[in-house]
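Here the chain labels run A, B, C, D and E in written order, and each chain numbers its own residues starting at 1.
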Amino acid sequence: MKKVLDIMQKRAKQLLGEGIVNRVIGWKTGEFGYDQTPAVFTSAAELSSLVYDSFSAPNLSKYLIEETKKEGKALVFLKPCDTYSFNQLIKEHRIDREKVFVIGVECSGKVDINSLKSRGAVGVIGVEDNGEKVIAHTLYGDMEFAKDDVLLEKCRSCKGKQHMVFDELIIVNPVKEEKNDRFIGVDALDAMTPDERFEFWRGQLLKCIRCNACRNVCPACSCIKCVFDNQNSGVASKASPDTFEEQMYHVIRAFHVAGRCTDCGECTRVCPQDIPLHLLNRKLIKDMNAFYGEYQAGTDTDSRAPLTNYTKEDVEPNVISDKGGDK
Amino acid sequence: MANLNLTSENIKRISGVDARKCMRCGKCTASCPNFEDMEYHPHQFVYFIENGKLDKLLESKSVFKCLSCFACVERCPRQVEPAKLIEAVRLTVIRQQGANHLLPDEIPAAIDEEMPQQALVAAFRKFTK
Amino acid sequence: MQVENKEFKPTIVAFCCNWCSYAGADLAGTGRMQYPANVKIIRVPCSCRVNPTFILRAFQRGADGVIMCGCHPGDCHYTSGNYYARRRMTMLFDFLDYLGIEKGRTRVEWVSAAEGARFASVMNEFVKNVTELGPNKRITDLRCKMEKEGE
Amino acid sequence: MFKIKKNSLNKLYAAIAEAQTLYIPCNVNGKPNFAVWGEGADVDLASLKTVKSAKEVFFPQCEDIVSFKTKGKEITVIDCRKESEDFVVFGVRACDAKSFEILDKVFLSDPVDTFYKTKREHGTVITLACSRPEESCFCSAFGIDCAEPSGDVATYFSGEYLYWSPKTEKGLNLTNSLKNLLEIANDKDNLALENEQKNIREITKKLPLYGLDLSKWGADDLLEKFNSEKWQELSSACLGCGACTFVCPTCQCYDVRDFDKGNGVQRYRCWDSCMYNDFTMMAHGTPRPTQMQRFRQRFMHKLVYFPSNNGGEFSCVGCGRCVEKCPINMNIVKVIKAFGGEGK
Amino acid sequence: MQKIGVFICWCGSNIAATVDVKRVAEAALHEPGVVYSADYQYMCSESGQTLIKNAIKEKGLTGVVVCSCSPRMHEATFRKAAESCGLNPYMVEIANIREHVSWIHKDIEEATEKAVILMRAAVAKVNLNQSLTAGKSDVVKRALVIGGGIAGIQTAIDIADAGYEVDIVEKKPTIGGKMSQLDKTFPTLDCAACILTPKMVEAASHEKIRIISYSEVESVSGFVGNFTARIKKKPRYVNEALCTGCGICAEKCPSRKSKNEFNEGMDTRGAVYIPFAQAVPKLAVIDPTACIKFKTGKCGLCERNCTAKAIDFNQKEQIIEEKYGAIVVATGFNPIKLDGLEEYGYSQNADVITSLELERLMNAAGPTGGVLLRPSDRQHPHKIVFVQCVGSRGLRPCDKPYCSKICCMYTAKHSMLIREKYPDTEVYVFYIDVRTPGKNFDEFYRRAVEQYGVHYVKGQVGKIVNDGGKLIVHGSDLLMNEQVIIDADLVVLAAAIEPDPTAKSVATMLTASIDTNNFFTEAHPKLRPVESPTAGVFLSGVCQGPKDIPETVAQASAAAVKVVGLLSKDQLTCNPCVAGSNELLCNGCSSCEKVCPYGAISYITKEVRRGDFRRVAFVNEAVCQGCGACTVTCPSGAMDLKGFTNKQIMAEVDAICK
């Protein structure tokens, strides 16, 4: 990982120096070794605080909406999953591709600090990742975890290690593709009775504090003005004074990003209440795959999404009522 | 003959036939292979029952002359199904006769080696119930 | 026989496209075909005009069932509107089911301008199904419900 | 000083809850948050920080203010104000306890917020000393001693016992009502507790954010800070979500909204966030159209405007929730440090 | 805030008998925005409209709600009334309390309650209505007629006579349709060819008419006043410009095995043929499935014998693209296939024929030269049985549920003609009812019975069996209460008629609707019988429903008048209920563009706010038809549909659910 970072810094400095790009978008070191912040670097000196390790989780593609409105070209580092979001934003004309220099960086999965903490790592002041194990240095002693156990949800259900779009790639140790079924969680819910599902979601959504972190981090939620902020939309609201509002917000949001969601998993990562929001979006992806054929937003920049497309032979809505299960 | 109207309604109910669908084309009667032997013909059954004139039908031997071949049902363009009505009238007659059922015990005496099974089944359908 | 006054009468919102289903509803009227008065029809130009938000809104405001009617696939006045609507509603209704909301409360039916009788029978059946499900509790705004019951 | 065996705590909760509502950190669907105690509640006093702070008990995220009932063209106004019933909030950490003082400065000064006031009057605060401070904690920078929290009753875990120390009249009253459950602590207990507190204070000194220097902040140099170029860089990653605001124990901004119920309107207030692009939206638009301006507002308010209006008191208690919850890990500590407030 | 007037129509007793109109009017006054309410017996009447107009003027109304019949009925009426006194017509909304309330509910309490709610929803909507102004679009002064039968011909001639260009697209090599196959026409018994062929010639020689024969419309796009049609012209393998129609090729063609469609397959024709002597255009056509040259590569006899050098084996399919202001559907009918009606044994017995076949057998240009000979042995039939309602008025899958309307009269005609020409023939007609509404129709039927001695038997035929050349017809005589058995020589079946199979695809292409029997639906069954619900598409002839020739011609002319009325305008007022994008909210994401069926959305870069240049959606209002697909696909809610805005629909939802 250190080697990758070295190459990244070298190449970024080079591109800045040659004037091919005038700024670099990457991750900056934090206070505790795990709290990286996306940042814009404009000089070789600043680049010394560029970091790329097991905690470089934030998806940088959404920042390019604003960055490509500015003068000059920006260099951005994208992980494989981030490139899906990037492509989708290109498709929606939200990013000017000409103004971005994309360097794809290898990724072997990012670590979830909350997962370490919930496993008892209190007072973490530094984390080491040797590829297999993650060692947390805490105020109360060191703790060791198997990396697979403490990966972010989005990494446990990784879509793949291939970059969908890039100008250059930095791959030192090619990461092996691992088969995983990202729909396991959805399947488990589908297998429940409707009453159980209702209880599950009511419990989860009840926690929602409407901080909008899921929406604001979502690369598909790139609206200039969100319907929830627009007094004229009829659904505007700032809080969830009623259980209905909780449902409403998440249903509409999931529906608005249906067919556009790249399943980057950021919503679940950022939720302060750990609501498994990916289960909402992934359900829609699963349904669209099942009903209208495999489709993953972000694999290209010109295909039609399932909800802006149709065939005359599409399934009828009664597939749902015929699915069985009462109520 | 307590209440002919009631009986007529009953016949409509057990046969499941809506006699009002008839458009009086007479195709049922035209198709009937046992026309000669029947005093009242399929189209008349439909018309009589629709108008509650049951007495004549109940007295007539025609109900037992119907072959239940279902030609009329097959041919009827309006899906009136006259044979089912006749069947229902027959049933009404039998029920009013009281308990003079043909019992299975009585069969061996009458049985003929050559007799097709279907005839027996048909006999049960017509004469018992 | 004394009929109890307090029997549950669900509120049903029906979205009907102007060209087929609304005309079908008109034909049901012309043919004097009865269906429960709980069904209230909202006319939209095409089934593809029905935003999932409208359906959620209806549930929020106290609807117990929402049915969307459009032209039969292939017969859309705008050629393809109902194909989009079909996908949207399939996804929405499956999603609501996923959240544990009774799927009997939502329905899509294709009713042509000539199918007055079918319109009436569809409505009769839908009202019956929703009545059996009882009042909508899972996807409604309790603030609205309280207001209604406070009346 | 009183004490109660840890394994008897459920009896204590039950006794309190019998007389009044008891709010206490519970694990609800996997996350610790203040919740109303009931039989079988999964009480979680081990987690240092609830997701939402204890302020929610006094200043709920949503609160009805007034409602209007319409019938035809007639409108009836229904007053939603009511006197709060007595309640207890248990397990408040030192930082959150301090935050009530800050909120009091806002809501209890003229004009008094009656909704808040009645809850403050009827609420008894039982604080809990921290035993294992975490890396994101920096309460000491605001002079808070997490081993000795304020409150109506202060409690401390040590060994097999929870120690119970009433500090106010309200606290004494509550203590009296629970007499049969509480034992009186002896000198040995007091000594053990003092040792425990010493330990905690030692740990506090080892925290990475210990000694965070706030001397550059306060009422001075307002314009200089306001016009600093640093804000642009600091805010560049900000998503504009409200996570920091909604977990913050001292954020007190709220929005007033109307909900159309069909036959009337429910007017309620709900937490607002200065990070939102429609914050303080007016007819002409928003006074802070860029995220940088909104970002700056949040920190200028906490570290400059509030102290300049309140005798130098910062509107931050160093609980570190925002440090933990920010999706992109930008936080008040990084801001403080960027302006020269380097720690240690 | 609007000032809304609510008007409740009694519709005589249609509404007032079930809905307490006074209570609805009273309830309306309590609704926000409502300043006036009134009820009246017939709102749509002159005085009802005056009531509305006066209220608009006197009360200064800014919005109107009429609680009446379906908006599909009188929305336009009331909008026009509002417009006449200066109120924007789109400030008028209808609450449908007849079709959706009074006609379907019996309980007054329940119906009134529902009427109040529907009124409330309409008021809630009007409160959010905005004045809409319709745009204009140019009218292409050319009409397309699909189908070249008597209906299409008559419509085309009438339009052309009014001075507009017309194209007739006919899928067969010649125009003329079914009428060209008829021998005589009822009730006057004049010869069909004598009255039809002059019309065909007139159409062909009309300077404003272009006949595109042997062609089919492949696709239609656009909207009223501005349709674009793609017409596929099948190859004839004969150069139309050179062919003189002399018929030498047809004479020389060695292939003789193809069934002659014109004579209902009762004789044969060559692979190259002219459909019939009076065909228009009179051009030869090569049937490549029968042609030896096409099958083996050898032959070419026709090519060698054609003095005009018109044969062209290399001809290819051609696509003609043309713009039209109006389209007339005249796709006509066919007798149904009788294979499913096994009781008549049509497919087993050569001597069981359809009435259309009989027409050919009696026609001088037919396979028998006009002498009535039965097909099996070419003998004179002496006993002929006609069966009516074959496949009509039935509910089985092989039947049609409707009355085919023309059979009673042509059967009377046939029986009369046969009795006249061959008095030694006995003629029986099995009928269920004899339906003869029409001028001189019943007199005609009575003549068949009284003057010509045709035996009309009330009853139907149950089966027909072939017994050594005789057809044993088992029928019933209901009046005699007898089963009758007739040993007939010839049985003629009055087969039901059904819309041409192309109707369905044409309807889809035009987005016009068809009913369950595939007949085109009219915009209104009584008041707009020649228009389809799709603007700019008109109906002519049997494609709309069974008709005889005079009715067809009348409807054809009526359709022509409607077309002429449309084409006489230079510009059309567009539907103002179109989509519009709020630039301040638009992300330019291109979702809406993908779902628009009309290609009405494009993207422009625009300075939305000062210094803020953005890609935003732009709706071409003349092209948008207002379906609303874009509004739902738009994630930011920038796209909305005028007249059916998100807020309006939500207001209706709220009003209904509260």
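We take it that contacts are C-beta pairs under 8 Å (C-beta built on N, C-alpha and C of every residue); 3 or more make two chains touch, one makes a residue touch a chain.
Small disclaimer: the values here were computed from a predicted structure and weren't measured.
Taken together, chain A and chain E share the touching chains C, D. Between chain C and chain D, the least number of touch steps comes to 1.
Relative to the centroid of every protein C-alpha atom shown, the closest chain centre, again from C-alpha atoms, is found for C.
Among the other chains, the CA centroid farthest from that of chain D is the one of B. By count of C-beta pairs in contact, A-D exceeds the other of the chain pairs D-E and A-D. Rounded to whole angstrom, the centroid-to-centroid distance between chain A and chain C, based on C-alpha atoms, equals 37 Å. Spacing of chain C relative to chain E, judged by their CA centroids, is 31 angstrom. Centroids built from CA atoms put chain B at 75 Å from chain A.
Averaging C-alpha coordinates per chain places the centre of chain B 87 Å away from that of chain D.
Multi-chain contact residues of chain C (touching two or more other chains): 52-53, 57, 61-62, 74, 80, 84, 88, 141, 143-144, 148. Chain contacts: chain D has residues 259, 262-263 touching two or more partner chains.
In chain A, the residues that touch at least two other chains are 227, 234, 241, 307-309. Touching chain pairs in this entry, ordered by label, are A-C, A-D, A-E, B-E, C-D, C-E, D-E. Residues 71-73, 260, 262-263 of chain D are the ones that touch chain E when the two sit in their complex. For chain A in complex with chain C, the residues that touch the partner chain are 189-190, 194-202, 227, 234-235, 241-245, 247-248, 251-252, 254-255, 258, 280, 283-284, 287-288, 291-292, 306-312, 314-321, 323, 327. Put simply, chain E touches chain B in their complex at residues 343, 389, 393-396, 399, 432-433, 458-463, 474-478, 481, 483.
Within the complex formed with chain E, the residues of chain A that make contact are 91-94, 222-227, 230, 232-234, 256-257, 260, 304-305, 307-309. By the touch rule above, chain C contacts chain E in their complex via residues 11, 13, 18-20, 22-23, 25-26, 28-30, 32-35, 37, 40-46, 48-54, 57-58, 61-63, 71, 74-81, 84, 88, 112-115, 120, 144, 148.
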